[in-house]
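Okay, here's the structure, questions in a sec.
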Amino acid sequence: MTDNNALFEYLLRLGDNSLILGQRLAEWCGHAPILEEELALTNIGLDLVGQSRLLLTYAAEVEGAGRDEDMLAFHRDTQAWRNLLLLEQPNGDFAKTIARQFFFDNFQYLQFEGLCQSKDDRLAAIAAKSLKEITYHLRHSTNWVLRLGDGTTESHEKMQIAIDELWGFLPEMFDMDEIDTQLLAEGVGVDLAALKPRWDEVVNAVLLEATLERPEDTWSVRGSREGKHSEHLGYLLAEMQFLQRAYPDAKW
Amino acid sequence: MTDNNALFEYLLRLGDNSLILGQRLAEWCGHAPILEEELALTNIGLDLVGQSRLLLTYAAEVEGAGRDEDMLAFHRDTQAWRNLLLLEQPNGDFAKTIARQFFFDNFQYLQFEGLCQSKDDRLAAIAAKSLKEITYHLRHSTNWVLRLGDGTTESHEKMQIAIDELWGFLPEMFDMDEIDTQLLAEGVGVDLAALKPRWDEVVNAVLLEATLERPEDTWSVRGSREGKHSEHLGYLLAEMQFLQRAYPDAKW
Amino acid sequence: MDVVNTDNEWTDEELEIAFQNKVDAEQRIEPKDWMPDRYRQTLIRQMSQHAHSEIVGMLPEGNWLTRAPSLKRKAVLMAKIQDEGGHGLYLYSATETLGISRDEMYEQLHSGKAKYSSIFNYPTLTWADVGAIGWLVDGAAITNQIALCRCSYGPYARAMVKICKEESFHQRQGYEIMMTMAQGTAEQREMAQDALNRWWWPSLMMFGPNDTNSPQSAQSMKWKIKRQSNDELRQKFVDATVPQAKFLNLRIPDDDLVWNEERKAHDFGEIDWVEFKNVVKGNGLCNRERLKARVDAHDGGKWVRDAALAYANKQKLRAVDAA
Amino acid sequence: MDVVNTDNEWTDEELEIAFQNKVDAEQRIEPKDWMPDRYRQTLIRQMSQHAHSEIVGMLPEGNWLTRAPSLKRKAVLMAKIQDEGGHGLYLYSATETLGISRDEMYEQLHSGKAKYSSIFNYPTLTWADVGAIGWLVDGAAITNQIALCRCSYGPYARAMVKICKEESFHQRQGYEIMMTMAQGTAEQREMAQDALNRWWWPSLMMFGPNDTNSPQSAQSMKWKIKRQSNDELRQKFVDATVPQAKFLNLRIPDDDLVWNEERKAHDFGEIDWVEFKNVVKGNGLCNRERLKARVDAHDGGKWVRDAALAYANKQKLRAVDAA
């Protein structure tokens, strides 16, 4: 694999994470439990879609095959996607959406903090811009974990269930494969495995304050970096890509 | 409009009804409340998809534009569909699925009974073949309306809610537009408006026995024959058509 | 005035005269000012309906958010829908200055007592509908709202100023979607024309009944809640929109539409008020769904709001304990 | 026998000897016959697992039912899934002859006590997976089931005869999907190869542990529940499938796969049993989803079953009253 291929793949992972989670948040439109939260979720979704545009545009340029952000977003089938399994999981109830967001925000914050130091200037600039957004996302999801965890009995239960249901999707975030290792060696990428202790520290502290239990590590699933996804992604893509697929010659 | 156009349009309406309802029933796969019911719903769905194949194949031949059943099923966007609004409504709970089925089975039975007398031999043959299937569908949905309506308090409530929620979609079934009138005059089609009293009679009798209330006619929606659908159809099509849209050059 | 009020308290009649004088002098009425009860109720009805319309109006466009045809369009639409939510929030707050709570307003919406703009009872069937809503529906809304910027009630007028700016941005975006499609493939052009066909008349209906059939309008005009009549505003909208349609090379679905050189305005066909009433009454394709979406979001979100409240109360107690 | 049983009752030991003699004589054991408790429990475990596998196995294929790429494929897949449900029903009934109710079996499935074939914990990612499941998974199942047609327990053996016929029909359909795709566009060909890559090894795992690691097998063989060893059946499957893959011009993902002229059979690579155990243990992509789908369907359907029961009871009472 040439450097360009590795960098393309690396950018795809970052961009796909942002896009798929942004798409999931878009599904909340008009259905959030509070109007203020409607605005917050849309705002976060908008940030994520914005990140994905920067990352996928860059990825397409690196690839140099004439594709652009929309070709990458709307003309790849399930197995060509590189987003974390966590992010394609259905919204579920508000607790599950918050749990997914909280786990990812914490991860993405550390990841992008590291990427700010990337030797790849453009990636570093994207990371720096995004980090400001993520700082807000993280505050938002943390606040909700606290409110729901330490709110009512009902909200506590729902939050605990959400955390349990998503727990096994989390180890995948910290996996390092060849591409990660290569880009880390080149000073472009981040040591994901090394983020785990800091991630644990913050998550443990918040769960404790929220009176929630950290689940045991009884199961874990992985595969997204090889395009092995859960069955949910196919439906998400069928919906997201419909217009571009149905009218391939059109410009919008 | 030439005769061929009218007949094409007429066959499309019939075929689309069967296909869209069949597709909705397919969504139940693996999720039915009883294994026996899993088989029954799949069986009915299979009959409906089978009907749609006969009708859309015939429609495509009548049109003579080189399309076939799959071109019609997988390459038409929302507004080109002619299925009744009732049939594209989401499955909801089992009561709603049964209510939708019960209302349509009764209608389709009378409609296809009439079509058995069509001067169009091929349509008459399709109707005769389908009528046997519909007879079973009708018995099945009628039994469930009785069981749920006259079962427990909970099932009674759910069934009544389902009926109320769908009631305004029903008047559209009996509308006669120019094409219906023309094909009726030619002895090919059926007088839908004339089916209403018999439909009412059967439905009223079943609702009464099921201890369910016939709702007041307080609202009604229409538009499917002009391609004006509810927003649900777009999502159904995005899912159903994905593969054909994504890989237009492929044969499957 | 020749009535001597020894308690230094004004009678209602006196207050109302002073109120009307203030309105006539183009002075703004503010929340703490005295106002006639019917003025208050009229404003509550109109402003809460306006707020509800912003919120319900997120649904038809939201219907295409997950299916937007490019990432840029997705981002722009998301931002637009967010703006609408913001407008709703802003309008609810402005309405609360009249002494009604947001919860009461929600309850009125969910029970069907309060209305929202009936145009949102139509479905969005293609992506072009998102363009048409921006162009026509937001366009009609702006025409109304520009007039409302001079409304006698201060908080409403100020809300309108703020909202108008964003809305005109939305309208340009909608028009740009229409332009792209009108200049696109044959299928896109067809979608654009079809969207115009379906949204044109409902947009004209947004201005309300003809002046001759609008009995409440006179009072609203006198109170300067309304500054221009329904028909005046409608005419303004038609005159502004016809050349835009022409530029898109799309046909407005009205055989009677013609430029009247004498009036320096467009004549246009009769609105089908039977259809209008039919949809208001509940026979639009989406009446039940729009309301259900709102009710489900609200009822389904109760446990979340309860949790937030419980947590806030616990935090307060902890702060007290710590002090 | 030299034990005189004055009560004309046999001891357990005698019964077991008679039972084994019957089995050895290739006579079928029927529900009313005496059988050792462990024989009964082994059958219950195996047959209910088989039934559960039919039902859970509807889910990965059902995942593509609404997205089948042609109406014909949709109809064929629907019929196939219906067959599987029928097999499940048939197998549950056969298992009930051993004295366990369907509800008990469901409970065991839902609590995790009873297993289903671990292959269904893999996701179906493309339409080719539907073909691969038919070709490989059904193919492996048939290989197993043909042997089971001669199982010593009558109801199971008869169920297998019936099921085998339909399964081989399914297998041909699956193979035909693979053939269409292998001869299709570059993308389709890639999907077909990728599906083979993902389903090949899990299919081989369906035959269970290697004979050297299969302690229970000996007893099952003695009871003639099992008629051939895991490795024998696996070999049979490999030998049958390799030429089919060759015909499709697809590559089986095993570098060690080679024809052994001496054995007149294919040598093939080591199965990754760590991966197998990992998935069984709960780390397959779909373990939680498959079980949740079943539990949700069952729990969510309780009110329906309650209603059916209540109605049936009312009908009975009415019949009595009328009499």
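Read from first to last, the chains carry the letters A, B, C and D; within each, the first residue is number 1.
In this section, a contact is a pair of C-beta atoms (placed from the backbone, for glycine too) under 8 Å apart; a residue touches a chain by one contact, two chains touch by 3 or more.
Here's who's who by UniProt: A, B = Phenylacetate-CoA oxygenase subunit PaaC; C, D = 1,2-phenylacetyl-CoA epoxidase subunit A.
Every value quoted in this text rests on a predicted model; they were computed, and no experiment measured them.
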| item | value |
| --- | --- |
| Contact-richer chain pair (by C-beta pairs counted) among A-D and A-C | A-C |
| Distance-maximising chain from chain C - centres being C-alpha averages | D |
| CA centroid of chain A to CA centroid of chain C, Å | 36 |
| Distance between the centres, which are taken as Cα means, of chain D and chain C, whole angstrom | 60 |
| Distance between the centres, which are taken as Cα means, of chain B and chain A, whole angstrom | 41 |
| Where chain D touches two or more other chains at once, by residue number | 67 |
| Shared-contact residues (touching 2 or more other chains) in chain A | 77, 234, 238-239, 242 |
| Arrangement of touching chains [line / ring / star / complete / other] | other |
| All pairs of touching chains, each written as two labels joined by a dash | A-B, A-C, A-D, B-C, B-D |
| Interfacial residue positions of chain B with respect to chain D in the complex | 19, 23, 26-27, 29-39, 42-43, 45-46, 49-50, 52-53, 56, 69-70, 73-74, 94, 146-148, 150-152, 154-155, 158, 239-240, 242-244, 247, 249-252 |
| Residues of chain B touching chain C in the complex | 77-79, 85, 165, 168, 218-221, 223, 227-231, 234, 238 |
| Contact footprint of chain A on chain B as seen in their complex | 77, 234-235, 237-239, 241-242, 245-246, 248 |
| Chain A partner contacts - residues on chain C that touch it in the complex | 55, 58-59, 62, 65-75, 78-79, 81-82, 85-86, 88-89, 92, 127, 177, 180-181, 184-185, 187-188, 293, 296-298, 300-312, 314 |
| Chain A-facing residues of chain D, complex | 60, 63, 67, 123-126, 194, 198, 281-289 |
